[in-house]
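Dropping a structure here in structure tokens format, bear with me for questions.
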Amino acid sequence: MAKMNMLQAINNALDLAMAKDDGVVCFGEDVGHFGGVFRATSKLQEKYGKARCFNTPLTEQGIAGFANGMASQGMKPVAEIQFADYIFPAFDQIVNETAKFRYRSGNEFNVGGLVFRTPYGGGIAGGHYHSQSPEAYFAHTPGLKIVVPRDPHQAKGLLLAAIACPDPVIFFEPKKLYRASIGEVPEEYYELPIGKAEVLQQGKDVTVLAWGAQMEIVQKAVDMAAEQGVSCEVIDLRSILPWDADTVADSVKKTGRLVINHEAPLTGGFAGEIAATIQKMCFLHLESPIERVCGLDTPYPLALEKEYVADHLKTFEAIMRSVNF
Amino acid sequence: MTNPNNATITTVHRAAFTAGDALKIPTLRILKDDGNLYDGAELPTLDQATALKMYDTMVFTRVLDERMLAAQRQGRISFYMQCLGEEGATVGSAAALTEQDMIMAQYREQGALRYRGFSLEQFMNQLFSNELDLGKGRQMPVHYGSQAINYMTISSPLGTQIPQASGYAYAQKLRGLDAITLCYFGEGAASEGDFHAGMNMAAVHKAPVIFFCRNNGYAISTPANEQFVGDGIACRGVGYGMKTLRVDGADILAVYQATKMAREYALAHHEPVLIESIAYRLGAHSSSDDPSGYRSKEEEALWRKNDPIARFKAWLLRQGWLDEAADKAKTEQLRVDILDALKVAEKVAKPGIEHLISDVYAEPIPALQQQLDELKQHIRKYPDAYPITAGRFE
Amino acid sequence: MKLDFILPDIGEGIVECEIVEWLVKEGELINEDQPVCDVMTDKALVQIPAVHSGVVSKLYYAKGDIAKVHAPLFEMHLTVDTRI
């Protein structure tokens, strides 16, 4: 066991993966000698050589296409997109190529070995273009898997699982927690399951569901609710695609209430998918409407970031509305 | 003195533009129309068997194209793309590769696919989207692919294969393989951002890939002079720091020689090479297109004389490697064989319903399995509305 | 055996086309692959060849008419394996 922040956990995961399998190759903008703008790939070039950890030219569509090509040859590229806000030039390669590679070829070819890693999310005064949470665009794309860790222990295990997974994975790293989230992390290789949510805290009055950096936020709200005598069951979704509807439904059948929190804007956000599925699976068990606490339907602002975000107070209000319905 | 800008700095003291005409890129051509060699032309090393295989492959695609366009007009397949006029470009380049080399194509390279050994049955099965299609009936006709012969499955978005070829070739290099990647695309696809990204990355990361641009004059209805203004696509290779060749795409021997030279160089130096093939898209863009809306019959008639098959045939006859009468009989038999294969493939069943959800992931996720179960229930209730799959599953 | 030839969707979602020219007559004995008619869609002028050999028994449209896709275009009496 060692105390690690999330970046160190990610760096450790990459190190172990590269040591275990010489097919694992890391690349992206500034990830080589510099170690990445957040230092996630720190020292990897030194250890594994320039051929396996290198800078690419400034082109996300190139990075994504190159990664598709490498993965189709059988290697395991871990391609970094410097900020999730810049993933959009790669959208065609990811949605039309990565996601469909195995299916369209009748399994003659696949890019299962591919992982895209990218820092996402706000809370760091990043404004429009350093704060976005684009998971919903990709959740709408069959063929991809999408994973979001909440802390260093989760980050290492889920990233190793993503690299080992025979399907292409987008790994969204909550940049707000890179240095702020510290925890005990096993030093050896381990994987955590993709596609399985985790119940962090049992409760009986209302299910509170979130992922990534929002787990800390909802925990604050849940603690405030506890002071009011409200017992919350807290779930970390962990995988956006495939998402663990059964675990969430089991919880809601018990509590009868659901509050979903995500950073991304409300309209078209992934909470809509969760709400639609859970109302179908748990209709007769629901005691109140499903609540969604999300970013406003605006670009991510700088000066008024506090007002914009899905914070613990808004979440607390939603929990209380839910139980008092 | 360090060179942080990675440019060759030659200082002058009076401002003057540098323009495209400073770069002169010649076009390689070996064969005259009558099958004779040009003076000073160097004949590539080519044995009779290989030459005849190249010829037979071109004839095959010509006859297949004729048959399958007619089949589309008859409603037997939904869509088709011919490669008339470009048989030499694709067959000549494919013939210069080894079987281990990966081919990543755009959509008009059935000549290369056939040269690799894709069978008549395999062509038909893909075109009819039946259960024997390697692609399991998921994509439109002509979206061929086969792992066994190292031909990457075609996808419709244009140019996406270009950076993928760079990555694939980079992996071949890392693995120490005695193999390269050849990437086909048209002059229109070369306008996509993926072209720029892929070319640049191949050069920077030293990937052994041959970028083969089929400049055939048209991207659907858009002529090349509305696609770009530089000197063809070849000038861009130089811009990315790449060795570049321009070749007459209707001269199969020139294409063969250029590709052989490119392959040798790419493998030895781990550097990409750009080849621009100059030819003419004699047919329509696809079965959905009619060129009379945007180009003249006179222009087409002029370029019809630029037939790679006729030119190579003339050379083969001069070599004494081809007999006119035998060739005619062979072609007639080929027509019969192709029609027979069409009629067989036409009757083969479509893929089973389980293939609706297989291969989305390595293993279906629970939500997909659930969707399939619900769909099966639905089909059991309304079998007449789903004739392809009704009654064919448990 | 009588068989209707159904006008196919020749180009990604067209619903109808104009009969520009019939290249065969009712009562005519034709071969598989023989051109039957020229039709015009909003994308292309297209020639349609026969799928079977036989006698053209009925033309469902006249020259200049608008033919509907997925509807019968002409009818044939099939001959078995006959080539003229």
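We just call them A, B and C in the order they show up, numbering each chain from 1.
Going forward, a contact is a pair of C-beta atoms (placed from the backbone, for glycine too) under 8 Å apart; a residue touches a chain by one contact, two chains touch by 3 or more.
Since we're looking at a predicted model, the values are computed, not measured.
Taken as a graph of touching chains, this assembly forms an open line, each chain in contact only with its neighbours along the path. No other pair of chains shares as many C-beta contacts as A-B. Rounded to a whole number, the gap between the C-alpha centres of chain A and chain C is 57 angstrom.
Between chain A and chain B the centroid-to-centroid distance comes to 39 Å (mean Cα coordinates, whole Å).
Between chain B and chain C, the centres computed from C-alpha atoms are 33 Å apart. By the touch criterion stated above, chain B contacts chain A in their complex at residues 102, 104, 133-136, 138-139, 143, 145-147, 152-153, 155, 157, 160, 162-172, 174-175, 193-194, 196-198, 200-201, 204-205, 358-363, 365-368. On chain B, the positions that touch chain C within their shared complex are 70, 72-76, 78-79, 284, 287-290, 292-293. Contacts from chain C toward chain B in the complex involve residues 5-12, 33, 43-51.
Interface residues of chain A facing chain B in the complex, by the touch rule stated above, are 25, 51-52, 54, 56-57, 59, 61-62, 64-75, 77, 89, 92-93, 96-97, 100, 102-110, 112, 142-143, 145, 166-167, 195, 242, 245-246.
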